[in-house]
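First comes the structure, then the notes that go with it.
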């Protein structure tokens, strides 16, 4: 693939940035706006629960995000059942937000791991209702294949727990998912530093979605720039075709199997 | 440190790029020139042995490197004893190349690991002769402290064997070196992909030097760009102050100790 | 806990060995018998599909396993739906094998990852029918909590794919599971070498189940002995209370977070 | 190699245990005696500086170690120069301790990393004086080859800093050393838990030497037993021939390169 024409395609839409970012945890809307801007992200995810969609006279996060500039991706953060998540998506659509949704059904408030059983239920119904569903899920190939079969537009396995900053804890699982699904694989959750984002891209992922790593950094705007550069660096590194790993340069056989 | 004024200082000189690159293994000088250009590197290392310094009428690698644009860093690649390395540095200086040298004394042709005993001998003599010495060495804190005490302008521990592409195999050693020496610590050798370069910078290194990772990639020019972005991304990520690692977001204590 | 009285308790039964082993892939029944013997395992898992339970006049794997010596754990290897797995368990019970079952519902023939959605369905029904269910599952804390809530007697998350020999790829997930469920956590699948089994035990797991690592080794009987020793070593190491990890001995703060 | 006749040979002596243990940091001599006993170690290392060799009327560590049962290996812990280490070895010989010595020349009191330059000097002189020298050194293949060429009876690269409990931080380096030297390679320093010792043996090392991991554990006697079992488990696992690593069992190519 020529590097220059490399774009991300999700459900017929095309994006030049492979970094998707969240909007929570910033100290001010101004800081958020700056970080979003410098991140170069085109897809911005927003928790429906955090947006005041009933009374649009009050100040809202949405006032700070230019819908002509960004593709808004409403998410169901804070939903713990399929029903709750479905209701939240419908609400977002009714409020005119989008029918492109990031589907989260969390399993508990402590670890924020997904409840994949409820996720599958919700995804089926939402796809049937015409939503473009991007599900946050475990790094489980069987689950990802089911989500693809249901008609999800991408799969978004976690790299590590939400907000943990642990990076991609199991690159083997991500590689197995990449080998077995055809929709875009976007690492969602777990990124802590720039190198984590680069690693996701070097594995061959289509994109990376993050929030805490940027918003929770000591300097969120500088970190947003770091992440923009890291995603591009990782993508270019993947496309450029890295040298084989060897025990030393003159070793006769490459260490093909090594992933991280 | 304000991100904007962040520069690399070595022996009184100041550089805005923290990526240093080599000049070997390219398929053509034209490819090399393009890769150097896009890498943004300001310091370019050249094997004295590969440069035709006695008969400057013949075509030479040096014809392709603008000395006004780049700081040339002659290196002693291919030297296996202190004497040989010292002689090579003197030759470079006599030929007007520079007295800023990358000192390599290799231990064997197979693994290309440094011979640190010979390296120390050569470094002592070269520093005394007024060279600015940047030694390629093992990731050994005691050795690095000795090199600093001798008067080396930086230390350049390996991340992994030359040309191996294994990345930083022992980030713990790099961290210990960073805690214990005051001169710039530059990871030299071992980088394979963009994320490896980012990791070096996130550890707090002052820079990264590489050759094979770029020249040996399927698309060296794209990889040179990837590395430029990765070094900046890693540096920004370091300066921005990453979120703490935790088992999950709500875990009470951070995983401070975790390095990679 | 005093080391001497350390036993594994599952569903009211008590075992002194924490190593559970399979019976497939041996080159002969004689080899299997030797390996089982030397492994010290008390729980032996048998694929119901591989046992000739309808015609007990033919030679059967069961002829080689003394039911007085071993606790037989029938498993549903080769089942790809909840229905299939349930039927297989009922068959095993009718044939008088046991109502202590290892429940496997595989997602595909290629990766042998579990289908956790079908697993949950099967587990619910089997627990209701009075089976003591030990499910092979992903290393997913929400799933494990659901399996515990359903009434499973243990959870058996994979360390890595069946037969991969990759060891415990995500010790962070195992630790999170250990923190959040009360039933025994037994690592099932992924072990390759003795150290992998030791690591499982050092994380605090109640036991390890393996088959390929032993049966597929060049010398299965020697590997069975290695695994016996490794499980005991890992358990003792866990109970003995290891030294804290530090960057170096005199470092002021321990690296508490480091897991692997 | 038949498992049964597997022994460790160093400088013409033969040992059935591959675990070597230290004698420092125990809370009492009684505890030390118990731990040594249960560890099964045949080679016991003793800091010459800690032994009262001038006035044998006072209580001494040596009173607790039966020289008929154990091979005493005097060590030069606490020496920071070649001269100091040489003097200490001569003193040990004069006192009738042994001319089988563990040579340590430390680089600083903080990290306890070896000073490999001083180590080489000391090793040369001691070998010439007829000592059987086992040097504690960095995991540096060039250094290890020099130590072998000098005539050392084994090389003892560190797994991680003394007392750090970090395990083998760079198994790639240990593998390169194993490929390039002929004398026994014994991992000395860095072990924290049983699995670390097993990993050393699975890499193909001839033995493991440790002190803090046992003496510093909450229950040193239980940890000593864990280590005994782990070393045997790791050695058996190595000899038994482990299964190849694969991304999943049916993957077409093994992950040969993966080391840890």
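Letters A, B, C and D mark the chains as written, and numbering starts fresh at 1 in each.
The rule is simple: a residue touches a chain if its C-beta (ideal position, glycine included) is under 8 Å from a C-beta of that chain, and two chains touch if they have at least 3 such contacts.
By chain, with names taken from UniProt: A, B, C, D = Thiazole synthase.
Computed from a prediction, not measured in an experiment: that's the story for all the values here.
Chemist: Which chains are in contact with both chain B (Thiazole synthase) and chain C (Thiazole synthase)?
Modeler: Both-contact set = A, D.
Chemist: Please decide if copies chain A (Thiazole synthase) and chain B (Thiazole synthase) contact each other with the same set of residue positions, more than half shared, or with different positions, and reply same or different.
Modeler: Comparing the two copies, chain A (Thiazole synthase) and chain B (Thiazole synthase) contact each other through largely the same residue numbers, since over half are shared.
Chemist: Compute the rotation angle for the C-alpha superposition of chain A (Thiazole synthase) onto chain D (Thiazole synthase), expressed as a multiple of 5 degrees.
Modeler: My answer is 180 degrees for the C-alpha fit.
Chemist: Which chain's centre, taken as the mean of its Cα atoms, is farthest from the centre of chain A (Thiazole synthase)?
Modeler: Result for max centroid distance from chain A (Thiazole synthase) is chain D.
Chemist: Find the geometric centre of each of chain A (Thiazole synthase) and chain D (Thiazole synthase) from their Cα atoms only, then give the gap between the two centres in Å, rounded to an integer.
Modeler: About 48 Å, centre to centre.
Chemist: Based only on mean CA positions, could you tell me how far chain C (Thiazole synthase) sits from chain D (Thiazole synthase) in angstrom?
Modeler: Once rounded, the distance between the two centres reads 34 Å.
Chemist: Between chain A (Thiazole synthase) and chain C (Thiazole synthase), tell me the centre distance in angstrom, where each centre is the average of that chain's C-alpha atoms.
Modeler: Measuring from centre to centre gives 34 Å for this pair.
Chemist: Indicate the residues of chain D (Thiazole synthase) shared as contacts by at least two other chains.
Modeler: 110-111, 113, 161, 166, 172, 176, 245-248, 255, 258
Chemist: Chains as vertices, touching pairs as edges: which of line, ring, star, complete or other describes this one?
Modeler: Complete.
Chemist: Report the residues of chain B (Thiazole synthase) in contact with chain D (Thiazole synthase) in the complex, numbered from low to high.
Modeler: Per the touch definition, chain B (Thiazole synthase) meets chain D (Thiazole synthase) at residues 107-108, 110-111, 113-117, 120, 138, 140-143, 145-146, 160-161, 166, 169-170, 172-173, 176, 180.
Chemist: Within their complex, state which residues of chain C (Thiazole synthase) touch chain D (Thiazole synthase).
Modeler: Against chain D (Thiazole synthase), the touching part of chain C (Thiazole synthase) is residues 3, 109-113, 161-166, 192-195, 198-199, 202, 212-213, 216-220, 222-223, 225-230, 232-234, 236-237, 239-251, 255, 258.
Chemist: Taking the touch rule as given, give the residues of chain C (Thiazole synthase) at its contact with chain B (Thiazole synthase) in the complex, in rising order.
Modeler: Listed in rising order, the residues are 172, 175-176, 179, 245, 247-248, 253-259.
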